[in-house]
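Letters A, B, C, D and E mark the chains in the order given here, with residues in each chain numbered from 1 onward.
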Amino acid sequence: MDFLYAILIDPFVQMVELPDFLLQVLWEGFVAGVLYALIALGFVLIFKASGVFNFAQGIMVVFAGLTLVGLHEKGVPAYLALILTIGVMGVLALAVERFVMRPLVNQPDIILLMSTIGLTYFLIGFGEFIFGGEPKQMITEELGLPTGSTAFEIGDGGLLILQHIDIAAAVIAIIMVGCLAVFFNKTRIGRALRAVADDHQAALSVGISLNQIWAIVWFAAGIVALTTGIMWGARSDVSFALEIIALKALPVLILGGFTSIPGAIVGGLIIGIGEKIGEIYWGPLVGGGIESWLAYMIALIFLLFRPQGLFGERIIERV
Amino acid sequence: MSTSVSTQAATQPNILEVNNIEVIYDHVILVLKGVSLVVPEGGIVALLGANGAGKSTTLKAISNLLRSERGEVTKGSIEFEGKRIEAQTANELVRRGCIQVMEGRHCFGHLTVEENLLTGAFTRRDGNAAIKRDIEMVYNYFPRLRERRTSLAGYTSGGEQQMTAIGRALMSRPKMILLDEPSMGLAPQLQEEIFEIIKKLNEQEGVSFLLAEQNTNIALRYATYGYILESGRIVMDGAAKDLRENEDVKEFYLGVGGEGRRSFKNVKHYKRRKRWLA
Amino acid sequence: MNARIKHVELHAEDDGLNPGDVMLKLDNVSLAFGGVKAISDISFDILKGEIRAIIGPNGAGKTSMLNVINGFYHPQQGVITFRGQARSRMQPYEAAASGIARTFQNVALFKGMSTLDNIMSGRTLKMHKNFFWQVLNVGPARNEEIEHRLKVEEIIDFLEIQHIRKTPVGKLPYGLQKRVELGRALAMEPDLLLLDEPMAGMNLEEKEDMSRFILDVNSQMGTTIALIEHDMGVVMDISDRVVVLDYGRKIGDGSPEDVKNNQDVIDAYLGVSH
Amino acid sequence: EELFVPLFSYRTGPFAGSGIPIANGMHDYLTMLNERDGGINGVKIRVGECETGYDTQKGVECYEQVKSEGALVISPYSTGITLQVIPKASVDKIPVLSMAYGLSAAAEGNTFPWVFNPPNTYWDGASAIVTDIANREGGAENLKGKKIGYIFLDAGYGREPIPLLEQMSSDMGFELLQYPVPGKEMQNQSSQWLNIRRDRPDYMIMWGWGAMSPTAVKEATKIRYNMENFYGIWWSGGNDDAAAGGEAAKGYRTLNFHGVGSDFGVIQDIKKYVVDAGKSQVDPAKFADNLYNRGVYNSMLIAEGIRRAQELTGKTVIDAVDMRSGLENLDITEARLKEIGMEGFALPMKLSCEDHSGHHKVYVVEWDGKDWKKAGDWFSPDVDMVKPLLKKAAADYAESNAPWPERTEACLN
Amino acid sequence: MLYRESGQYKTSYIADQAIFPIREDRIGMMIIGAIALAIPFVASDFFLNAIMTPFLILALAAIGLNILTGYAGQLSLGTGAFMGVGAYSCYKLTTIFPDVNIVILVLLSGFFSAGIGVIFGLPSLRIKGLYLAVTTLAAQFFLEWCFIRIPWLYNYNSSGAIEVPERRGFGDIVLTGPAAGAMTQYFVVLAIVVVVTFAVKNIVRGRIGRQWMMIRDMDIAAELMGVRPLTAKLSAFAVSSYLCGVAGAMFIFFYLGAAEPSAFSITLSFQILFMVILGGLGSLVGSFFGAAFIWGLPIVLRAGLPAMGIDINAETVFHVATMIVGALIIFFLIVEPHGLARLWSLAKEKMRVWPFPYG
């Protein structure tokens, strides 16, 4: 009975008792969700365009962030460093297309997945080789991003603290999604991307230029990664430890469906908010730390009802 | 053996020339052992042969899709409109007007039928209106597709997918189409229709065709010239009507022996296989 | 036929049916996908021992019909009676267990496995030795494996595919894949064999071979066969009865001769040239 | 003819932020001895770094590797690795020097003849922090009813002081709230800090390392936690750790047991012989910061241990077994500190066969927004409370790891 | 003609179904066996302890994953955690039954991870492909969490790590714990791995293995042929997790000697996955190749790069090694997506047609 009370009633009592705290929890979940969504977005771009599950997206986030900060440390002014970093991501996209994707055209998904994990290792080694392995502080102010926070009084004595950088992250994420949606709805490219994801060989046979398309989407994913890197780097430092957080994008992606841009956003928010609420209100019942797997469980439960994710394409079964 | 280059249609320039190519899969499996053929501008050439003879491989060698199957052309040359094309990508080739319809349909399962057709127009730059017109044209050729235009191609029937694949290739407005088993899985009526379409495109738009086809009967009726491929070698070639008259072809590919059409019910069960190259 | 086939003991289990009895019966079966009516209110039957052809234009619902029969699609309406047992839905492996085997329109072989293993896979339902014997690979499990290997080798001989026994099927040319697929279905020793366009993509010689195999299976092993095929020559020559579908409806049913002269069928399917 | 001193370092990965200054400090002191004195008593030191990434499994790999190369002493630089090599080291007869980290109970030299953890154990650290809190509250009795939060890296390291903290909580009547931070989520502590915000603990104690510490400091400032009530163990006192919180981190306190900055003879020598000679990897801006100096201190212990072993055995080229006796008989006096340029840098220290730690004095430093400032005098942890508990813990360890070997090594002091 | 099958006729199916039907292969196996037995007498303890023993153990784990991913086609990212289940079970078992021979306990502990594997395999009936990865990731992170949050699992050690106790067996030889000899542990591991590998080989070439491959290659067709997806998939999960569990238990008891929960992290899962992919999906020898490559390469690079005078800093060596491993993974996938095993069989093919370039 007590147990049921603790699970079913108590958390809600807590929520009502401290509404400002609940709001804070929701906000933290929301912000985390936005950042998950940004990483997931990078995945979606590449998956949509090639059927490749780009495991390296997480590391690209770190790599982009590190490049930016690293260049700045070497004395390059912030904005120039930003432009150079965009350039570096472009070069990376071209290199990936030329040396990974092109030779592996028409290979099974799992092989492509593995190659991106290989890429992950390569980028970790390369990034640390060049910029060193220690965490670095994001050049938030130098880039003109807001810092500091605003506190709102709620009720009597309640406090909701919003970090300006988080607000900025949410805004930028929304703008980014808008832009990408437009980019993908330019039907010719958008359709070609989906065709490639379905069948590389057939896409080749109708004359879709895989090379060009892949370079473009990897570059786009690189830009998304850079944005994510800046935003996330501003919250915690930029270091390769972020890479593991990037794994969270997987449940997000799966929840939203691999191919859906809105899916990435909705999935990100569900996971971000869900795991925060779960951790804060239910976590203590089992000793805390459930955040480390809650996201996956949430995704798993959704999948049992919709095996292709919330917005994913139907899984075709026919003989 | 192969007399083609000199004898065939010397008057027209050749749109496609394949010279003595060898193809190896996986670095060890030799599949084509010196295949040469030509397709004259505006010709319909049929490539005939048993299963596994290497027809599809030949077509893929031309359209440059071999590489993605870990095969490579190790000898010989391929020229399209007088230029070597072995080093080009499939995309460049389509841009230049040579497209392949692959065996086994290869539709984009998650795209609708209409979207499938639209991807065929990927390389085109002549505007939406023209593309719309051509979609209509494809729908007129294949009314069944109009009905299924919004279905995901993955769910359509085998024949519908075949139509989609052919329609998709037409959408690129090619000068030359490499057709791999166009009639496979189509209802008899449609098989005729497909070949009528081929003929029409050939006559009205000057599209050249190289077809790999098992249905020898129909293929030789529409083609101008034919090659017979066996175990990776061209074993016979000649004008379609000559081939139709050839006794061996009659026996083994057309099923008409001395006493007219044989019945499938009375096929004798013994090794009848006769091979030019044993 | 020849002597070789004689000792092949591939025959249907004795189910009390005599040749000519109704083996499978569909009553008012309907199946729709969203708005698409793949099958509307179709009834027909298959008699034991016959070769029953199903023909019709592309997208008429032929494949869907086979899918319904062996439980891959579940019809919204109608009853299917197989050997006297009526049912409205069952799982594919139950259909397989009750003696229905099939081949597929788009070859559905197990691409990563050799020809031998593919055909052995047809014996799945007949092998029972448990896990622990298999781990040890001695005694019963090994004997079982050898015993079934013998049967499979007979099928391999029968279909004349000895030379590709150990080749991974993914690399075989299309026509041979179809043949292996037939072998795999035969290995199940089915009572009812469903063939979906077994001769698509074959040249004449190969079609003749395939016809011969089908006829042999039918006559030597007593297997009942339902056959989808677009080659009218073949259909007319080897089938006992033909059912014609169009847009999910049945537009003709009867002997090859009847069907050939049925005006509806000519309009919808055969066209003038036949 | 060399003295092989392996360093388990992590200049890469999420813990590199803390690992790099430590590795530099350790490396540079030993190099300085080579450069300035030609080694120790004429024998060159071979310094070999093995990269562990603070990963226990890699640490074990490193251990196997340096063992095969004839290591004199193991400095695992991770409590997790220390715990894993303790049983092996006693069998392989290589001393483990876990300076102010590792298994607290290893201070019991009779149970753990091969392990050394001077100058303090984690339990000393925990007791020292609570002592400081008690002083600020005006006496240990005022802790009753207070809430003290403990945020820690959820690994061998962060778990080590828990038994002691729990003991103190029940003895002194304060409530202990635990906030574990999983290693892989170090940089994402928002849930922990949300919980802290809800629970409102009066004091926070942190056992953080690597990227965990700066993130925690930053999060603390975000929820506007009173930084003066936020204590870190000595390892959470990296300059970058505190700097991550910027101005708002002012007041953050950690323990320390050696000098900060470069105003010491030894540091000047390092600068002269190593850094300026381009033989160091240290970033000049980070030279002589807190963790760097700690690395220097650690290497000093190793060097002194070697010297002592040479004295005891009369050999110049010693082996690992000799090294053990050297460490056990360490006695670094005021005079000795002066000789090696560490006057005012560290306190004298002495080890014995029974006591491999010494439970020496520590002091509190406070972050002033730019650098660490001494915030109070050297004081002693509650040794009387800690020692008996350690004894018991050592006995428990031996029991649960039966058959734990009896000490057979002779005691030379 | 260096390697020829022609001329070696089989007169019975038994002979044809032998594991090594070709004489050259049999000879090769014997040579490898002889080397495996001789190694401990010539190699250093370091080589045995740090290279050979973990290589064999990881090869077994790779075989485990190969069953699931390579044979049954179910992608799993949770191998590390399943290994952990084996390790923790073995630890608990030996705590509870200190007198039972540890080898038996190691083999038993696999059953616990098989059980857990089956539970996490259940969603595979509905969820496929990459989507299934999330299930296994859920398993990975959930189990890792359990290893930390259930103190009973590690006997309430304050460090949260498990320490391998000393265990003797086979006539009072020290098998585990710090005092165990490198050679002893090597031989125990070798024996277990060889026996289990042969057992697995028997399974995969029999009915059960065929069912897995059927499900992998075309699940719909498999079902239409009478395979029950439930039994086929779950049995794959069970066998795979069993092997991983045994490997995990050996990893701790015969190699690491102690473990924190982080020893079974996602990194380990990926490492094993690499071994499988690089070695060759659906190939048992491949698993050995893959394990040798992924385990050996960094060690070789870390030892080799400084020796070649490339660099001196430990961490630079580390970074460069990481880079090279990443690049080589991509390189091998490009050269042969089907893995080293396929490369090996192509090489054999080449030898067969030698001196001609192709046949």
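Definition applied: a contact is a pair of C-beta atoms (placed from the backbone, for glycine too) under 8 Å apart; a residue touches a chain by one contact, two chains touch by 3 or more.
Please read these numbers as outputs of a predicted model, since none were measured by experiment.
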Handout entry: Distance in touch steps, counted as few as possible, from chain C out to chain D
Key = 2
Practice task
Determine the chain that sits nearest the middle of the structure, using the mean of its CA atoms as its centre.
Solution key: E
Fill in the blank from the handout: Of all chains, the one whose CA centroid lies most distant from that of chain E is B
Practice task
Taking each chain's centre as the mean of its C-alpha atoms, give the chain farthest from chain A.
Solution key: C
Practice task
Give, as an integer number of Å, the spacing between the C-alpha centres of chain E and chain C.
Solution key: 41
Problem - Separation of chain B from chain E, taking each centre as the mean of its C-alpha atoms, in whole Å - result: 47
Completion exercise
Here the gap between chain A and chain D, centre to centre from mean Cα coordinates and rounded to Å, is 37
Problem - Mean-CA-position distance for chain E and chain A (Å) - result: 32
Practice task
Quick one: which residues in chain C touch 2 or more of the other chains?
Solution key: 63, 72, 104-106, 108
Handout entry: Touching two or more other chains - residue numbers and ranges from chain B
Key = 29, 155
Practice task
Spell out, as numbers or ranges, the residues of chain E touching 2 or more other chains.
Solution key: 148, 220-221, 224, 315, 319
Problem - Residues on chain D engaged by chain A in the complex (per definition of touch) - result: 10-14, 16-17, 19-20, 154, 179-180, 182, 184-188, 190-191, 194-195, 197-198, 210-211, 214-215, 218, 222-224, 240, 244
Handout entry: Contact set on chain B toward chain E in their complex
Key = 24, 26-30
Completion exercise
Listed in rising order, the residues of chain E that touch chain A in the complex are 69, 75, 123, 126-131, 133-135, 137-138, 141-142, 144-145, 148-149, 220-221, 224, 266, 270, 273-274, 277-278, 281, 315-316, 319-330, 333-334, 337
Practice task
Over in the complex, which chain C residues touch chain E? Could you list them?
Solution key: 70-72, 91-93, 95-97, 101-102, 104, 108-113, 117, 120-125, 127, 129, 131, 134-137, 141-142, 144-146, 149-150, 153, 184, 188
Practice task
Quick one: which bits of chain B touch chain C in the complex? Just the residue numbers, please.
Solution key: 25, 29, 48-53, 103-105, 144, 148, 151, 155-160, 162-163, 181, 184-192, 214-217, 252-255, 261-265, 267, 269, 272-273
